[in-house]
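The chains carry the letters A, B, C, D, E, F, G, H, I and J, assigned in the order they are written, with residues numbered from 1 in each.
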Amino acid sequence: MTKMMTKEDVTEMILSAKRTAGLTWEGIAEQIGMSPVWTHSAAMGMNAMPKDKADALASAMGLPQEASLVLQESPTKIWEQSVPTDPCIYRLYEIVGVYGPTIKALIHEKFGDGIMSAIDFDMQITRVENPKGDRVKIEMSGKYLGYNSW
Amino acid sequence: MTKMMTKEDVTEMILSAKRTAGLTWEGIAEQIGMSPVWTHSAAMGMNAMPKDKADALASAMGLPQEASLVLQESPTKIWEQSVPTDPCIYRLYEIVGVYGPTIKALIHEKFGDGIMSAIDFDMQITRVENPKGDRVKIEMSGKYLGYNSW
Amino acid sequence: MTKMMTKEDVTEMILSAKRTAGLTWEGIAEQIGMSPVWTHSAAMGMNAMPKDKADALASAMGLPQEASLVLQESPTKIWEQSVPTDPCIYRLYEIVGVYGPTIKALIHEKFGDGIMSAIDFDMQITRVENPKGDRVKIEMSGKYLGYNSW
Amino acid sequence: MTKMMTKEDVTEMILSAKRTAGLTWEGIAEQIGMSPVWTHSAAMGMNAMPKDKADALASAMGLPQEASLVLQESPTKIWEQSVPTDPCIYRLYEIVGVYGPTIKALIHEKFGDGIMSAIDFDMQITRVENPKGDRVKIEMSGKYLGYNSW
Amino acid sequence: MTKMMTKEDVTEMILSAKRTAGLTWEGIAEQIGMSPVWTHSAAMGMNAMPKDKADALASAMGLPQEASLVLQESPTKIWEQSVPTDPCIYRLYEIVGVYGPTIKALIHEKFGDGIMSAIDFDMQITRVENPKGDRVKIEMSGKYLGYNSW
Amino acid sequence: MTKMMTKEDVTEMILSAKRTAGLTWEGIAEQIGMSPVWTHSAAMGMNAMPKDKADALASAMGLPQEASLVLQESPTKIWEQSVPTDPCIYRLYEIVGVYGPTIKALIHEKFGDGIMSAIDFDMQITRVENPKGDRVKIEMSGKYLGYNSW
Amino acid sequence: MTKMMTKEDVTEMILSAKRTAGLTWEGIAEQIGMSPVWTHSAAMGMNAMPKDKADALASAMGLPQEASLVLQESPTKIWEQSVPTDPCIYRLYEIVGVYGPTIKALIHEKFGDGIMSAIDFDMQITRVENPKGDRVKIEMSGKYLGYNSW
Amino acid sequence: MTKMMTKEDVTEMILSAKRTAGLTWEGIAEQIGMSPVWTHSAAMGMNAMPKDKADALASAMGLPQEASLVLQESPTKIWEQSVPTDPCIYRLYEIVGVYGPTIKALIHEKFGDGIMSAIDFDMQITRVENPKGDRVKIEMSGKYLGYNSW
Amino acid sequence: MTKMMTKEDVTEMILSAKRTAGLTWEGIAEQIGMSPVWTHSAAMGMNAMPKDKADALASAMGLPQEASLVLQESPTKIWEQSVPTDPCIYRLYEIVGVYGPTIKALIHEKFGDGIMSAIDFDMQITRVENPKGDRVKIEMSGKYLGYNSW
Amino acid sequence: MTKMMTKEDVTEMILSAKRTAGLTWEGIAEQIGMSPVWTHSAAMGMNAMPKDKADALASAMGLPQEASLVLQESPTKIWEQSVPTDPCIYRLYEIVGVYGPTIKALIHEKFGDGIMSAIDFDMQITRVENPKGDRVKIEMSGKYLGYNSW
């Protein structure tokens, strides 16, 4: 019984091709006409690709044809660590712990009782020059969803 | 033995005064000349206030004098739930789970091996009008810190 | 320092009035013109009430005026047990464990890559007569939200 | 020592045949005369199949004969994550957290002290068109079971 | 605001009356015409009592009238420790860990794919004399519930 | 380096031979003159077998000679899930949660301060016919062990 | 409603009397003619006392009469931390982690398949002089219990 | 790339040789002139061996030369289960839970504020004959370490 | 029944006196002739004080006489969060996660198989000026303890 | 599909070469002109190496060329055990538990509201001779980072 090609297999193929060819995520994203955040996320198996983008990525990275099918499938999004240990990711978790109630209070003040969607959502990451040390800027945008009464 | 006034006591005094007077966080923040995010966070006991801001807040909200001292003390930042259950806060946690490795990869690509500081950090929250439904915009900015070798 | 009235206080007042007056949730819901599910949920402090409904509930149950303000505030939704122990609630948790991947697969098949909203959401519970033993029917309806690419 | 064929093996065979043949769960379910929810669940190894349905599925998907035996065995239902991370499944978990006590209260009000069975249970998932955005409808039906006194 | 009488309050009243009067659970159970297992469980707030039994218990133990109402309410069954530490209770947990898969296999062999109900359920505990040391006998009986296909 | 034969290997051999030969646990138990509960448990690697029973099982199932040695070794009893997810096993866990304190109270009342042994222990499972639906009967018997003072 | 006297109340009374009178556990144990280990454990509410010892302790420490009844009741043994943080107790936990499998292997080698009872159990703690630094000696003795086959 | 020989590999070699040759831990320990507790522990990879003992064990069990090097390396002591499930090991864990605070109190009373070392530590296990049933005796000895002030 | 004075009570008295008098830990430590690290730790109830230091602290802070007795008692060291959330403390936890195996490897290389004691231990914290930003220096010193063989 | 070379692969190559050649971490560190702490940490995959150091290490240890690339990649820092079990590492964890709040209090006293960075960080480990037993000295130095207000 041959094993089915999985999202993990495709991620490894992409990382391997990227290392060999010395590519960047910015460069790969440009090749398929999408943002670097979304492109990386889909390459990691955390987002599904529309057919044209999956074909473009497969062709740009020299992946076998089945890989495009796999990239189009809806992923099951799993993270193993409920509290992430990597310092770079932990700092984001810490921000949620420290500022989560504040974000919630201000969303309620500005919009009413509801949330920011994590589905109808996008994000940009940029480098901002600063004489005291450059800064990472993260911009998130999500649709406001209000609770309904019935 | 009388109980010391704690950060929790001061938070409750602020919330009570806010409810009675029908204030908003935007309004309170304006009165002390700071951003709403930072003001709410300090009022919740998640950030320490410089003396002038603590005095201003105490006076604006009609708090007893000891409250200003309490607001100036360095808080011990504690959150009880390692995975938050409130839907509005959980969505932020989910974003860290889904996009954490992506943010990490792009920081490494743009800056090198390091992290975005959660200490030398600020944040804004705004409402962005949109015909398909208004959107919540969260902007985070943190100093890049590179690992050193020795 | 007097304690602020909390969501928990209001919940206890409602339960106490309900026990004393021998009311049902169906009856209470009818008095404020809303569904029993939503009414109970808001009374438990798991949903915020619009002003008119909060006033109606406060008046119907003989609650003090501040209680209406409290019912209108956005709750922080907290549940203590990540795996519920009460058998009636556990069975629902078990259904999510057993059928969660199935619901996911069929949503993807019928709609594409996305989810059923738990915010723009409503639910009904009915008793269905059946000669082999009456059945509980739970109907959930939530807006489909598709992931976007950017 | 050759390895026994397991439920996981059969699930992978079904998924592989489905990808190759471009089938849908609705289509597979129709071929064996069962509902899509139950068919998917059994294919995932979360329900046992009666012999005729197992034979029908094995024949429809071109599985080896032993696969039908495996499909008929009682599964040990295991889920690894006590709190699911996949957003589509998490929303269902969140509904149990937020509305679990409400469902419990209304079952008690309509039936008495008891639960909805998760064993003598069935479920349908449908797409409901809606001008503000189509909705996912989930209907669950489980036999009411009352606690007995002795 | 006076506090509502809770299940915990009633349990404490019963335990206090039992200690003062030097009663046994066997004796209390006999007074209300029920089994000791069920009587203790309901007194601990883990089962709801029918009106006549609640009245009988309240009268036998000299409880205030509201206590009978409380005994009739459906309890929310909560246990704090997912792994119990008390040695007497832990041994039962251990039996489930060691023999759970065996009980499951034999239920499947004798009945088909299904479970023993923990709702339509009863239990007896008896002391069995034995020259090598007396033995505890626990007899559980629960209705078989088969999974259905649909 | 060849791998040692483990308890898991022997369990798989037994299950494989059982499936191929269409045997039942009752039948296997009868062949070695032991109860089905104990036989299944030892076959799963949760109990050690005396030499004569291990030889009898190995010969009845056509296992290699080393398998008998393995069946005689004291197992390390491990279960992965502190809260079991399989519904059939979970119901047993739930019974311990709900009735554990009751069983404890009645053991103390009938015997004194002590426990029911889970080591000097046996169990039977039987099917009891019942017009309202057949019932599973589980009988456990364990030696009473009293705490000593010193 | 007056609160019942609990095990915690009695423990606090004993500790308070001990501090005031400047007693030692050795001294208290001697007064009631029992070992220091068992005496401390019962005083902490982790063991039940026979009537004569409970009366002796109550009288020696000047406790109210109800305290003797409480000392005689079977405790529910609860520890909050599954991994203890106190360094003195943690070291014992570490010994179980490091040497647990070794103790198990040697019990099996010396006795057969079984365990050392933690119920029919006693323990002594002594100080052993040693020129390189005095040593703590802990001696545990528990009845061997063999698994039975049936 | 060939895999390095690990502690786990050496443990398996020892267990395999022991099963084949029908040895006991007492016998193996005698061959290398050490106690059975320490010998088993080192063979399991939970203690490092001095060179002469590692060579002696390797030669006695017929292990390859690299095995002696591996036996001499400092192990990283890992146990997977924070609460052990095996009944024989769990009883030890239970003893720490029940008697931990007692051991702590008596160490403080006999020595002062400090602990029993789990590093400068040894242990013996013996079988003690007893007409009511033989007993397991465990003797632990660890150096007392006092906290220092500075 | 009056409550005994606890370590928590004494900690609160010290913090309250410190806030009122505007003291620093450096100043308090100097008054009793000990280091700031040890003084703070003992004031928090994480170390026991010798009689003379406890008397000195009680007198310096104006505490009641019983407080000195409490400061001398051996504390039970408890921390609630196995992973600390406060950012300042979390960074230390992170250092243990990232560099723990490295510290272990270098201790083994420099000393042999053993550990650094956390009991016979001391620590200093100093501020080191640096043109790129001042640095926190933490110096820990603990006795090396070697594992023994027996 | 060939597997990509991972950080784990490179770590194993380094450990294997070190064992074969009988090297020490001090020696390896000297060869590449870095400290032993940092060198070990990078070899374990917990820090990224600059190109020249990675090349130097690869050449010194005889690693294939791709290994240098792998050593330069930013690692995802993962530790599996939130509470480490190895005694040498646990003692460090314990120090954080016992002295974490003290370190925090003194940083706040000496610097203001902020933390010691674990990123702009270095560490030395030395052996300090002492007639009462040699001591391990750990020196950590991290940049102070102050919270900002905005």
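Criterion: a residue touches a chain if its C-beta (ideal position, glycine included) is under 8 Å from a C-beta of that chain, and two chains touch if they have at least 3 such contacts.
Here is each chain with its UniProt name: A, B, C, D, E, F, G, H, I, J = Cyanate hydratase.
Because the structure is a prediction, the values reported are computed rather than measured.
Path length between chain A (Cyanate hydratase) and chain E (Cyanate hydratase) in the chain contact graph, taken as the least number of steps between touching chains: 2.
Among the remaining chains, those touching chain C (Cyanate hydratase) as well as chain D (Cyanate hydratase) are A, B, E, F. Chains compared, chain A (Cyanate hydratase) against chain F (Cyanate hydratase): the Cα-based superposition rotates one onto the other by 145 degrees, nearest 5.
With centres defined by CA atoms alone, the chain at the far end from chain B (Cyanate hydratase) is F.
Set side by side, the interfaces H-J and A-I show unequal numbers of C-beta pairs in contact, with more at H-J.
Separating the centre of chain G (Cyanate hydratase) from that of chain H (Cyanate hydratase), both taken as means of CA atoms, is a distance of 25 Å.
Look at where the CA atoms of chain C (Cyanate hydratase) average out and do the same for chain F (Cyanate hydratase): the two points lie 42 Å apart.
Centre-to-centre separation between chain A (Cyanate hydratase) and chain J (Cyanate hydratase), using Cα means, comes to 29 Å. Separating the CA-averaged centres of chain C (Cyanate hydratase) and chain H (Cyanate hydratase) is a span of 54 Å. Along chain F (Cyanate hydratase), residues 37, 76-77, 79, 82-83, 85-87, 94, 97-98, 101, 104, 108, 114-115, 117-121 each make contact with two or more other chains.
By the document's touch criterion, interfaces exist between A-B, A-C, A-D, A-I, A-J, B-C, B-D, B-I, B-J, C-D, C-E, C-F, D-E, D-F, E-F, E-G, E-H, F-G, F-H, G-H, G-I, G-J, H-I, H-J, I-J. Chain contact summary for the complex, chain H (Cyanate hydratase) toward chain G (Cyanate hydratase): residues 24-26, 36-37, 40-41, 44, 46, 77, 79, 82-84, 86-89, 91-111, 114-118, 120-121, 123, 125-128, 130, 132-144. Chain B (Cyanate hydratase) contributes residues 9, 12-13, 15-16, 19, 81, 83, 85-87 to its touches with chain C (Cyanate hydratase) in the complex. The part of chain I (Cyanate hydratase) that touches chain A (Cyanate hydratase) in the complex is made up of residues 83, 85, 87, 90, 94, 97-98.
Chain J (Cyanate hydratase) meets chain A (Cyanate hydratase) in the complex at residues 1, 3-4, 69, 76-79, 82, 118-119. Interface residues of chain A (Cyanate hydratase), counted against chain C (Cyanate hydratase) in their complex, comprise 34-35, 37-38, 42, 47-50, 53, 74, 76, 101, 104, 108, 112-115, 117, 119-122, 145-150.
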